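Below, chain A partners chain B and then partners chain C, in two separate complexes.
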Partner chain A sequence: MAINRLETQGRKRKKTSNMAALFRALRAGRALRGLGSGLAAPAAKPPCVSLKTGFHRTAFILQDESKSSKHSDQDLTAGTTLKDSISNPDAEESSRPNTSYQDQTDEDGEQYESEEQLQARILGAALEFVPQHGWTIEAIATGAETLGLSSASTGMFYNGAGDLVLHFVAQCNSQLAEILAEQHKQVQLGQAEPKKTADFLRDAVETRLRMHIPYIETWPQAMSILLLPHNIPEALKHLSTLVDDIWYHAGDRSTDMNWYRKRAALTGIFNTTELVMLQDSSPDFQDTWLFLDNRIQDAVNMATSVEQVQSTGEAVVQGLMGAALTLKNLTGMNQRR
Partner chain B sequence: MAVYLRRLVRRVVRLSPADCGVPAAAFSRLSGRCWTPPSCRRFSQETGEKNTHFGFESVPEEEKAKKVYGVFENVAQKYDIMNDAMSLGIHRLWKDALLHVMHPQPGTRLLDVAGGTGDIALRFLDYVQSQKERQTRRLARTTQSPSWQDISDNYSGQEDGEVVEAECRAVVCDINKEMLKVGKEKADNMGVSAGLSWVVGDAEELPFDDNQFDIYTVAFGIRNVTHIEKALQEALRVLKPGGRFMCLEFSKVTNPVLAKLYDAYSFQVIPVLGEVIAGDWKSYQYLVESIRKFPAQDEFKEMMEDAGFFCVQYHNLTAGVVSLHSGFKL
Partner chain C sequence: MQIFAYVSLQRALPVIVRQGAKRRAFPWSSRWYSVVPPPRDSKEKEMLHRILRVDHAGEYGASRIYAGQMAVLGRSSTGPLIQEMWDQEKKHLEKFNEILAECRVRPTALLPLWNVAGFLLGASTALLGKEGAMACTVAVEESISEHYNSQIRTLMEQDPERYTELLKVIKEFRDDELEHHDTGLEHDAESVPGYWLLKNAIQIGCKGAIYVSQRV
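Our next item is the complex of A and B:
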């Protein structure tokens, strides 16, 4: 229904209240209609439940019921149903991700999501529009609109584009963790051969970097957003968990300086490969994977050469000690008088 | 019906502790006065007439709206000047901060309730306009030189400029016709007409349909509403899902030293300014008293959450003199 515009000049206040009364009557009529249909198919729009408000809302069950009957035959919105309100306190334990925000005819009815889950869904939807708008608030606004929410909901993201980029990075990391866990299970079941460390690292990094390919055009913008001072701690956290995950699944159980050495090395390899990928124009990023190969080879060689140097060093030291002792014996200085 | 039941519940809860905010007796209804003799107060509990605050006075609820109307009718002409004088121009910064936090996207529909002289709505249109210009400038910089088709489109676009702007609409709603009149004159003087509407309406009962607006703002108006919960519920109703409720209002100063200074300024200086500039002491006395009566930041945040808003947050501006509350309808 369009907004009725009233001229401000020459109308009595009584008419204003008449207008409001008319609207009230219309809404009441719709509510009565809605009640009938509302009872049959409870509206399934999942309001966001935060931990705090869950308990508030149970106190206003009647209010919510009237709201839900009002909205049940509207396209995109609905209040909570009576059932929803009662089961609200349980929502914290049993909040399930919603299947469809706009699904009104879902018979399950009691689907909730927390504010965080809704935010995650908005950001997920926004990723589609990144190639078009870049990593910006406009992408988030377009994403929110596809979910049926007003673009004003982007106000929830106080970090703006940073939220979007960090969400994407976190999503990629968890996807990689799943893939690695899956591979590990395969090896456990004996369905696959365990890979050598170098190959494993190479495959893991390649899989992870391939997730950037759909957004490679705008990835420089994303990287620059991650380098903003207020985003750096979060970005470093994601990077460190990524590297830790990869090494853990590669079988690293070291408890000494090696733990730090290995992760530092892999971080270096990952970051440099990411940068190379930005400028790579070969088919299917062949040059990038070649670069990655070489870097991992370097790291492995470095590790072996370090070992060799250590053992050589020890041998040399032992030889020197033996020579010194022989000298002392020869000159007779080794005798106790 | 549900609203009535809820009111009943609240009334029962409120009546249980005996305090001085007792509902008026039948006497007051007959006489129309706000004063009730103490002996009649016990009777009034059964008759169910409620009192509310009008500044530091206590008036029946129906009276409050009329009295507030009277106040703003008197101050309408000098409203903007008084704002500048009382806040030393800082109110402009507060309103700019509101717009900055709002960060409206193109194509947003704004409802400014108790918008009176249209400060927020005008700023909103300005902001969106400059955003659009910035966007087109950015596009022009990055794209190649435009083709003839693009150039001709741009020219035709300029002719329909008014239609394009109207896509971003602002509606100013106020209960007081005088304030709207002043606002309309101001807008006409500034030459802004596209995308702006002026509507008379009561915040407790908005003359709009459900799910109409992206953003609902109320700047320095909600403390004058008799039933704030009703206004919040109406806000929830007219907002689209995902819509944002933003409230700019005077609040409790956090720093105790500043609070003393602020109190002194409010009660000593402001009514004097009101008398000197606008010739109306009482209205500005009401103003500063109504500020004291408004709930504190956290309390208002809880009221918003009770009404059904999510992700409710507030920012204190000027050490708590003003606070900006924001909530979402999800």
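Our next item is the complex of A and C:
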């Protein structure tokens, strides 16, 4: 009996070792294919970038499959695990020739998600762990692990914590754009009253800054990350799209220097209010919203006083011209000879 | 009585509609057609925005040039002619203002510069007399028509069907500018002393202005 058990165990071990060899060969094949897709770069991407992504993809695949193969060696129903890990390759070009028999089961291209989508998913999951780990690689790694991916997938993020912060900022901006578009639709349908510009700006900035509240403890760290030199261009781009969106939905259609003046003013208001919010300890950040109110009121007052100065200036000039003409008439210099 | 009411309603309706459209500040609802198609990706957006930005700057500059010319020659015999050309440029500028607002294109930051430079160019060439003003018109309109032609070529190469509306607008404006160019030639532009020098200097300036306005 013992001999029979030994024999069956030996046969099982042979089976597992055969299966293990097969999986290893497949892994190597997939790694080579990932590398190959990076080398046979599509014309759209520069070759070095796709090579890098090819390498990272293969590294990621290897990491991923080393994890899954650990399970597969112990579990004979490894086919499903392998298929799972295959059904989520971060393949961007679905036009790759399907040479492996597993890939032919995924007929619709939607099973493949692009690298950007995968990154977005990981960063979205990582945001949960920001209060705990701060805006760091650890948060990204923990987020990746909750998605069932290896924590080494943080290697995908060249910018590390900067990627996380920029992703969050972009996400907040697009949420705000959606909210503003929805509000506009409500006004169009007549279900809501159109707001005055100052109120609209105040509400838009308040809505946007309220998105920071869950992360307000760690937000100073995020702001300092955004101020790093390699992050500044993209942070400025996000800020400018945010301010442009808010003004556009507030009804600004100017096509002269006012375009720049309005956006500069709103950028100043937004940044200063953001900073005030960091140090605000009042209930529900009442002091911040009061500060915001005052700044917007300042901007409005500035605009009206500029208008008043202009119209006063014009009136004064007209008065002077009238006085000069009267003098000319009085001294007889205006007579036609 | 009913006919009167009907006729007055007919006359009043466009005014009401126009006023209604003006009161609403949201453009994407108050028009059911769009001259420029919504861009499909960031490359196309960049290209369209550059084209619109530089065209807007060009019309603004042309308007200022005519303003400068009017300031000097407004009360002379060429006044009405320059006024007419200026009105057409104002119409062009209005159209581009609409398009820019609709497509959320950033206007060029150098507008104050083109404001002053255009006015000075118009005024200084007008000080050379009617022929000088006409020579300036010829030079500027030639530059602008060439520029519109290259834009038309670019858009045709990309996708003529997609940009039909925009191409129609640019072609119409280019034809207007060519008309101004021919008017300038008719009114003795070439008889100004130093015509060749003046024309080329102005055209080099225009080329530089176009290059910079596309980017800044």
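Just so it is clear, the second predicted complex is superposed on the first by the 224 of 337 C-alpha atoms of A that agree within 3 Å, B and C clash if a C-alpha of one lies under 4 Å from a C-alpha of the other, contacts with A are read in each partner's own complex, and residues count from 1 in each chain.
The definition used in the following text is that a contact is a pair of C-beta atoms (placed from the backbone, for glycine too) under 8 Å apart; a residue touches a chain by one contact, two chains touch by 3 or more.
Quantities reported herein were computed from a predicted structural model and do not represent experimental measurements.
Residue contacts after overlaying the shared chain place A:L149 against chain B, while chain C stays out of touching range. Of the two partner chains, neither chain B nor chain C is touched by A:N231.
In the superposition on chain A, A:Q183 makes contact with neither chain B nor chain C. Of the two partner chains, neither chain B nor chain C is touched by A:T288. In the superposition on chain A, A:G251 makes contact with chain C only, not with chain B.
Of the two partners, chain B and chain C, it is B that touches more residues of chain A.
When the two complexes are overlaid on their common chain A, residue A:Y260 makes contact with chain C while staying clear of chain B. Chain A has no residue lying at the interface with chain B in one structure and with chain C in the other.
Residues 1, 3-6, 8-9, 11, 13, 16-17, 19-20, 23-24, 27, 45, 47-48, 50, 52-53, 56-57, 60, 62-63, 65-66, 70-71, 74, 76-77, 115, 118, 137-138, 141, 144, 147-156 of chain A touch chain B in their complex.
Those residues of chain C lying in contact with chain A across their complex are 25-27, 29, 56, 96-97, 100-101, 104, 106-107, 109, 111-112.
Those residues of chain B lying in contact with chain A across their complex are 1-3, 5-6, 101-105, 107-108, 171, 177, 180-181, 184, 197-202, 205-212, 214-215, 239-244, 305-306, 308, 310-311, 326, 328, 330.
Across the complex, chain C is touched by residues 184, 187-188, 194, 244, 248, 251, 253-257, 259-260 of chain A.
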